[in-house]
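Labels run A, B, C and D following the written order; every chain starts at residue 1.
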């Protein structure tokens, strides 16, 4: 029983992040603390981050429970936003969401996403897109909160 | 535009009772006072009657508003139950209801009903049966109340 | 272009015989008939992707959810709602109004406040407010109706005042046919800080309705009156009004998280859709809207105006029958109620039914207005896009025969 | 006799392909599929006699009313209700329970009283009682669930006591599969003067249920889980309990007489059916009941027991997967929930879906019980009369493949 089509969803890197999530801890005294929850499926992400004096995300940690897609997306995101400014992170959220909604990316955007582009595979599974997006929406909420 | 089939419903006598209802008044100091109402169509009957010392219905009066069937049925009923005992009236209710539900009547029952048998025509119009029955259910309620 | 024959052929039931005659269906204000396109859409749900919505990752569930949310988008566009989330699916107009009564109303109305409705309300937009008044200590008031069947607007400055918290008003009366000035009422309500709920049961199916233009806070209608099945209805709510409101029915779908002793709420619209929603009938409602959009709501309205104008004139020829409601057809929806001093409407109804003509007889769930004008009941012929002037001719002819039939004894 | 091929051929959707594979529908606890007979019954309503019920004297209205009331009689017979009037049509189980919460419960429960439910309730039989407890000052308690997935009856004497006013309990758990001893709970409830409500969403569709034998005061189920459409559900109530109760939703149909400032109520069941009822889906529910009666509910039950037994055994062969709920198939309804320490159920669900197999994944609207056993989510395969042991084989085989697929990285 081959499952080639599934391989685009469950890329090796995705499963690796799922099994060994990076930055899987909640930071104390975090500047950012945001929680995301999908009431229909129960996926959860709690995101914490510290900002340095220049407003750069100096440290990120998350905890969560849920499927491989939601958790690996969170894990990969924590790596991607580290050492970025909030503005850069916000831009990343936009680009990531656009990618998931099916927009063709230009080279610059693709470079910006780096290895996150492998989550494109989720697009073929529309019902799972919200899994991939959960952590990004959580980050977005946090940034909007920060901007207030 | 002939309407032969309707003639079994709107017998001349029925229309006559509708246009000139008998005993169309409410009795004062009545022993029996009962009100019937059909919430779906708005037909209404108020029934009053006096009992003499032998428990015979000595006087009956009704008021009401509604269709030809409900009002003529009431008018004809007031004539039919006059000078009967409550027990006889109760029996009449039973026989009338059975007739309307389609039961074959024996000769004795038919004789008891007298001219009320013409209301049989309503049976072919199932949705109108409740019109014909309204006044009888009202009488039944009154008798049950009396028997308490 | 508008093609009556073409349209009629879309409605399978119109070929039916009733008592040996071709059905003439003039009871559209009670419920509408369904085109083949809607019936087929419904069958397709069950044949192709039936599944519970929102909760599954499997294909059927995903497809069912997509179709359900697509129907929500169609409804939103149809009434020009700013976003799909402001469209809540309920069973019918009645449930929609009760939802507002049990949520926004009891959370925002208090002793001494006033709820304003009209004398021509359907029970569904009256009895819930009696309950709210009783529960909150608010006063229920009614805009009077004039002899010509219009809202008496002469006292409005006094009726809509600082104490008014809610104006709940029927858009088109299902009894008098009157089209009420809801946009003006919305302005007046907002000017005193009140909210307005519009009972659009008889408007959304028959004419263009634009919730942004009307600027209403709540708007309710029933699917079954707009060519969709009886199990689906719509409550539109302004987001700002409903966003943080406590829920009504509680259970699955409407929660965010649940513990043994408490729970938190999902976002709109799910917060107000407890339990498995009637996604199948919602999809059918979407199909009904597609069908009507293809014709065009302006077309629907002008066709009904034409029929109504024709009917109002034809009724003049009938002795013993008096028409209720405004005389001007441009001020009316597509229905004509009438009464006769000689014959009870039920008897007329039965006579017409013998000829295959279906009209409504009774109080049409508008008892207080009937009582006010001294009638226990009335007859009502109500139209939709598939009705024709030939059917009106038949109605009039048969009413004439009925009047002859029932009055023959009078002269004997 | 029972003929699986024959039955399967009645369900058009079962011929569907999903992701290139024959659909294997194992999500019946969420919603059931509909046989051709039900789909046709629904189309017939719209093609032949669609009309508003109760209010008309014309033929269509009369026929619609007859079919609607006929459906009520069928439901009453199906659950052995003493009279059709004790069957109230609602949208779904959730609305049925909310109806009881908003009527009997708030009218009969007060401060210091107790409402008893269980730890395995669906949100729909939990969240409404949280609200009633909050509104009335009553205390909400829960019968604990043992490690083996059964109700812990050891404390019942203390849990069902003089303060208990209502026991609200699920008949068959949609998560653990457990069949609860509802008859015994009814006896105990009545012994202390309490009422019992049974959430039969997962029992009425799958086994004989007799409300007289159970002696329950309220019983609720959903049409969509019993081969009928999603817009119809049933609340059975003992007449003596509901007879004089204040209504819930207000509007048309449920009133006797209406004045501008007050109203009186119609009799049961109409009193609790405000607005135009979903008569079409009620008729379809009648057709579903006819369909099931022709098979026989004993047959349905024994078929599902067989499948469940087969499934429980087959699951043993799967590494990484743990079955939830009682081990004994005779104590279970036709469903099996499971979880894996290695793989999240959504990922399993997506894998299975690629092979055309539909299972449910998530919390199944039973969050508190999931939390209690430390799971955020689980997978669930649930069966109906059209499922076969071959489908179970396919499920197991595919789960095996999924486990290999998702754990392959573990060893790399």
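Side notes on the structure shown:
Keep in mind that, in the parts below, a contact is a pair of C-beta atoms (placed from the backbone, for glycine too) under 8 Å apart; a residue touches a chain by one contact, two chains touch by 3 or more.
This is a predicted model, so every value here is computed, not measured.
The chains in contact with chain B and with chain D alike are C. Between chain A and chain B, the centres computed from C-alpha atoms are 78 Å apart. Averaged C-alpha coordinates give centres for chain C and chain D that are 31 Å from one another. The mean-CA centres of chain B and chain C are about 38 angstrom from one another, to the nearest whole unit. Among the residues of chain A, those in touch with two or more other chains are 40-41, 128. Residue positions 55-57, 61, 255, 257, 346, 350, 361-362, 367 of chain D each touch two or more of the other chains. Viewed as a contact network, the protein chains fit none of the simple shapes, being neither a path, a ring, a star nor fully connected. Contact between chains, as defined at the top, is found for A-C, A-D, B-C, B-D, C-D. Of all residues in chain B, only 37, 39-41, 126-128 touch chain D in the complex they form.
Remark: chain C residues 12-13, 16, 18-19, 23, 25, 27, 30-31, 33-34, 38-39, 42-43, 46-52, 55-61, 91-95, 97-98, 101, 119, 122-128, 130-131, 140, 142, 222, 224, 229-232, 249-255, 257-263, 274-281, 346, 349-350, 352-353, 357-362, 364-365, 367-368, 371 touch chain D in the complex. On chain D, the positions that touch chain A within their shared complex are 343-347, 350-351, 354-355, 361-363, 367, 370, 376-377, 397-398, 401, 405-406, 409-410. Residues of chain A that touch chain D in their complex: 1, 3, 5-6, 9-10, 12, 15-16, 19, 40-44, 65-69, 71, 125, 128, 131.
Residue ranges on chain C touching chain A, taken from their complex, read 54-57, 61-62, 65-66, 255-257, 266, 270.
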